[in-house]
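Both of the next two complexes hold chain A, though its partner changes from chain B to chain C.
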Partner chain A sequence: MQISREFRASMNWLHTWLGIALSGVLFAIFWMGTLTVFHMEINRWMMPELRGGVTLDAPIDPIVMPIIEATDPETQTSIFIRRASEREPLVRVISFGGGERQDLWFEPETGAPVERTQSLGASGFFYPFHYSLHIGWLGLGYWIVGLAAMAMLVLTISGIFIHRKIFQDFFTFRPQKKARRSTLDLHNLTAIVALPFHILFPLSGVLIFALIYFPNAMTQAHDGDRRALIEENNGFYIPDYLGEPGPLPSSMDAIVARAEAIWTERDEQPARADGLRIAHVGDAGSEIMVQHVFPERKVAMSQGAISFSAKTDEIVRDFQPRPVQNVSAWMEGAHFIRFDSWAVRWLFFFGGLAGTMMIATGLLFWMRARMRKGMEPASVRVVRALTIGSTTGMIAASAAFLIANRSLTNDSAAFGLDRSLLEVLAFFVVWIMSFIHAGLRDKYAWKDQAGAIAFACLAAMSLNWATTGDNLFVSLSSGQWAVAGVDLALLASFLIAAKSALHLARVQARDPEFSAKTLSRAPKPVAAE
Partner chain B sequence: MTILLSISLFLLTALACWFGLLLIALSQRRNWRTLGLDGAGMRIARPLGWALLVAAFGLSWLRDGMSFAMLIWPMLIALSAISIALLLAHRPSILRVFAKMIQTQPDNRSLGSPN
Partner chain C sequence: MVSAKLTFWDTIPEKWKTLLSRSYRILLAFIGAYLLTSAFIGALGRGLSALGMSPGEATYTGLLLGMLLFCGCVVWVAATKYIVRLSVLIVALTGLLNFFISHLSTPGA
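After this line comes the complex of A and B, so read on.
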C-alpha cells in the first residue's frame, strides 16, 4: 500500500504537535509507571518494618478473630484483610464502620501489631501519581492521564506512518552523527523496538478506568447501575444489612482453605487467595468474600470471588469470569503486573525506561529542530526549561522523595504537615525548583541537574545505610533482594547521571559558546526526517 | 518444572531472541558495512533469524504458557534489538565475530569505515 506524501505530512504534523503538547505529562506518567513496576520493593526500602522474612502459610485467625469479636454489629463495620505475600510480608487489616477507618498491620507469624513508618511509600505516592497525578479536584487527574493515554496511542500509530523504514530503524543508532540525528535515532529505536509495550500500556490503562472515561457506554446494559456492572464483571458486591444480630464466623482460615480448594480443583493448579472481606460484621446478613484477584501463575486478573454466609458457612455466591472477559482481564492483569514473574517485571521495567527515553528524545529532537530553524532565544529558553524540568527535574524530585523518607522520623512535623506529607512536599519543592533552575541556568541546567541526580542517588543510598544499617553488601548477603535492588538501581542511576554530568561539563568546557552559536545560526530549511 | 530447568529455558529463549535479531540485522547490507565486511551470507541470515525468533516464542510458550509468552517474547525482542543497535554503534567488533561465522565467502575485504 502506497502512503501519499500529504498523508505522511499530516501524520507528521499530528505527531509533532500532540507530542509537544503532552510530552511533559507523558514523561511523568511513564516515569512514575516505571517506578510503580517495583512499588512494593520500593516500599520495603522506604519502610524498614517490611524488610523481614516472609511467612506465607501462617494462620490469620489469631490476628483477625479478636478484631471481629471486638466489633460492635450496629456500626455496620466491614473488614478487609490482605494476606502476606512474598512482596509484602505483613498482614494488613482495614476496617470501615461507625464513621471510622482503621488501618492495621501485623506480623503474620507472631500476630503482633507492627508500627508503620508514617510514609505514603511508593504504593501511596508513585503508584497513584501515574494514574491520577495526585490531582483530586473533580477527578481532573484521571482525565488528564486518560487523555494522555489516548494521545499516546495516536502518537504511536502516527509515528508508524511517519517512518518509511521501520525494520531498518530497528538497529539504527548513530552516536557519531550530529546530536540532532542521533537523538532522532534514539527516539525511533526506543519507539519501534518496544512498540507492543507502548500500545499495550496506554490501552490497558484506559481499559482499567473505562468506568470513569466511558460511564454511559459501560453501564448501558445495566441501566446505569455501576454496582451491578462491577458485580457482574468482578464479583464484588455489598450484601444487605439486615439490622439483626447474627453469629460470628467460626474461622477465617477454614473458609479461605475451602475457597482455595475450589479454585485449585477448577484451575488444575495451586491457587492462593489474596484477600478477604467480611461485610457487616456481627449482623445476620454478614458475608465473607474470599478473593482471588491476582493469580500467581496467570496474567489475567479477577479470577474468582467466593462469598460465604457468616451464619451458616455455606457458599452464597461463586463468581467466575466469563470467557468474554478473557481479553480485558489479560490486558488489565498485564498492566498490574501482580503475577509471580520477575522476568516480566524486569522486562516491563526496561520497557518503561525505553518509553521515558522515547518521550525525552522526542522533546529534545523537536527543540533542536526549532533551534535550527532559528527559534527566538527567549522561546528556546522557555522550551528548554520546560523540557529539563519535565525530565531531569522529575527524576531529581523522585530521588528527593526517597531522601526525605530516610531523613525524617515518624514524629517529624513542619508547616502543619506530618511526616508523610513532608516527603510529598520535598518532591514537589524539588520539582518546581528544577523548572526555575532550568530557566535561570539555561544551557547549563542539563549538566547541573544531572550532577544533582547523581548526588541525590548517592545520598539516598548512604542515608538508607545510616538509618537502617543495610548497605548494599549487607542486603545482598542477607538475601534482602528488594532493598538491594533499589540500592543497585540508585547506584546505576548515580553512575549514569555522574557520567552524563561529566560528559556535558567536558563538552561545555571545550566549546563554551556552543549554545550561542547554535542559537545565532541562520534559519535553514529542515529536510523531512 | 524445576528452577534449574525454568532458568535454562528462559536463558535459551533470551539467546534465541538475541541471535534471531542479530541474524535479521545481518540481513541488512548497511549493517555489514558498519561491521566493515562484505555482505556475503546475507541471504541465509533473514530466514534463519526468523526461525530463531519463532523458536524463542515456542520455548517461552513451553516455559510459561501462551499468556506469559505473549508478554515475554516481544519484550525480549525489544531488549535484544536495543542491545544489538548499541553494539553496532559502540562495539561492532563483537558482532563482527558472529557475522564472520555466517559469511559464505570468507574474505577479509574491508568496505571502508562504517557509514
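After this line comes the complex of A and C, so read on.
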C-alpha cells in the first residue's frame, strides 16, 4: 500500500504535537509503571518486616476469627483478607466500618501481628502514581493519565505511518553518527522493538479505568447501575445490609478450601484463592466472597469469585467470566502482570524501560531539531529545563524517595507530616528542584543530574546496608532475591548514571561552547523523518 | 484590475494560522473522538443487549471496538482535507447514537 506524502506529513505533525504536549506526563507514567512491575519487591526493600520467609498454606482462622468475633454487627463492618503469597509474605486484614479503617498485617505461621514500617512503599506511592499522578482533586489525575494513554495509542499509530522503512529501523542504531541522528535511531529502535508493549499498555490501562473515562457509556446496558456492571464483569458483589443479627461464619479456611476445590476441578489445575471479603459481619445478610483475581497460571484475571452465605454456608453466587469479558480480562491481566512468570515480568520491565527511553529520545530529538532550525535561546532553555526535569529529575526524585525511606524512622515527623508523607515530600521537593536546577544550569544540568542520580543510587544502597545489615552479598547469599534485585538495579543505575555524567563532563571540557555553536548555526530545513 | 480586499484572516501571519488550524484539529480530534466513542460504546451496549447478548459482554464489545474507533477518528481528523464536513459528520453521528441510546432501545429487552 502506497501512503501519500500529504498523509505522512499530517501524521508527522500529529506525532510531534501530541508527543511534545504530553511527553513529560507520559515519561512519568511509563517510569512509574516500569517500577510498578516490581512494586512488591520494592516494598520488601522499603519495609524490612516483609523480608521474612513465606508460608503459603498456613491456616487463616487463628488470625481472622478473633477479629470477626470482636466486630460489632451494627457498625456494618466489611473485612478484606489478603492471603500471604510468595511476593508478599504476610497476611493483610483491612476492615471498614463505623467510619473507621484498620489495616493490620500478620505473620502467617504464628498469627502474630507485625509492626509495619510507616511508609506508603512502592505499592502505595509508585503504583498509584502511574494511574492517578496522586492528583486527587475531581479525579483529575485519572483523567490526565487517561488522556495520555489515548494519546499514546494515537502516537504509536501515527509513528507507524511516519516510518518509511520500519523493518530497516529495527536493525539501525548508529551511535557514532551525530547526536541528532543517533538520538532518532534510538527513538525508532526502542519504539519498534517494544511496539507490542506500547500498544498493549495504554489500551489495557484505558480498559481498567473505563468506568471512570466513560462513566455513562459503560453503564448504558445496565440502565446506569454501576454495581450491576461490576458484578457481571468480575463477580464483585456487595449484599444489602438487613439490620438483623445473624450467625458468624464457622471457619474461613473451610470456605476457602471449598472454593479452591471448585476452581481446581473446573480448570483442571490447582487453584489458590488470593483474597476474601466478609461483607456486613454479624448481619443476617452477611456474605463471604472468596476471590480468584490473579490466577497463577493464566494471564487473564478475575477468573473466579464465589460468594457463600454466612448464615447457611451455601453458595449464593458463582462468577465465571464470559468470552468477551475474557478478552478484556486477558488485556487487564497482562497489564497487572501478577501471573507466575518471572521471565515475562522481566520482559515487561525492559519493555517499560524501552518506553521511557523512546519518550526521552523523542523529546531530545525534537529539541535538537528546533535548535538546528534556529530556535530562540530563551525558548531552548525553557524546553531543555522541562525535558531534563521530566526525565532525569523524575529518576532522581524516585531515588530520593528510597533514600528518605531508609533515612527516616517510624516516629519521624516534621511540618505536621508523618514518616510516610515525609517520604512523599522528599520525592516532590527533589522533582521540583530538578526543574529549577535545570533552568539555572541549562546545558550543564544533564551532567549534574546524572551525577546526582549516581550518588543517590549509591546512597540508597548504602543506607539499606546500614539500617538493615542486608548488603548485596548478604541478600544474595541468603536467597533474598527481592532485596538483592532492588540493590542490583540501584547498582546498575549508579554505573550507567556515573558513566553518563563522566562522558558529558569530558564532552563539555573538550568543547565548552558546544551549545552556543549549535545555536548560532544558520537555520537549515529539516526533512520529515 | 481587480483590487483584492484583505480580510481579518489574511492579516494573521502564516505561522499563527498553522498553529490555530492544528490546535483546532487536535481539539476536535480528541473531544470529537471522545464524544463519538462514548456514544458508540453506550449505543452498542444497549443495542447488543437488546439483541440478546448479556449487558456486560455488550458493554465490553462496545468498549473494545470503541478504542479502535477513537484512534481511527483522531487519525482521520488529523489527515483530512475536509475538516468542516468531518466536524459536522462527527457531531451528527454522536447525536444520532445518543438519540438511539435514549429512545430506540431498552436494555435486556
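To be clear about the criterion, the second predicted complex is superposed on the first by the 529 of 529 C-alpha atoms of A that agree within 3 Å, B and C clash if a C-alpha of one lies under 4 Å from a C-alpha of the other, contacts with A are read in each partner's own complex, and residues count from 1 in each chain.
By our rule, a residue touches a chain if its C-beta (ideal position, glycine included) is under 8 Å from a C-beta of that chain, and two chains touch if they have at least 3 such contacts.
Here the structure is a predicted model, which is why all the values come from computation and not from measurement.
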Requested in this report: Please work out whether A:13 is in contact with chain B alone, chain C alone, both, or neither, and reply first, second, both or neither.
Outcome: second
**Report entry** Which partner, chain B or chain C, touches more chain A residues
**Finding:** C
Query raised in the report: Which partner does A:347 reach: the first (chain B), the second (chain C), both, or neither?
Result: first
**Report entry** Touched partner set for A:218, first chain B, second chain C, both or neither
**Finding:** second
Query raised in the report: Touching chain B in the complex: which residues of chain A?
Result: 167-168, 170-177, 189-190, 193-194, 196-197, 297-300, 330, 334, 339, 341, 343-344, 347-348, 350-351, 354
Query raised in the report: Taking the complex as given, what residues does chain C use to touch chain A?
Result: 22, 26, 29-30, 34, 37-43, 45-46, 48-49, 54-64, 66-67, 70-71, 74-75, 78-79, 101, 107-108
Report task. Name, in rising order, each residue of chain A that touches chain C in their complex. Result -> 6-7, 10-11, 13-14, 17-18, 147, 150-151, 153-154, 157-158, 161, 203, 206-207, 210, 214, 216-223, 228-229, 232-233, 322-325, 327-328
Query raised in the report: Where on chain B does chain A make contact in their complex?
Result: 10, 21, 24-25, 28, 30-31, 64-65, 67-68, 70-72, 74-79, 81-82, 84-86, 88-90, 115
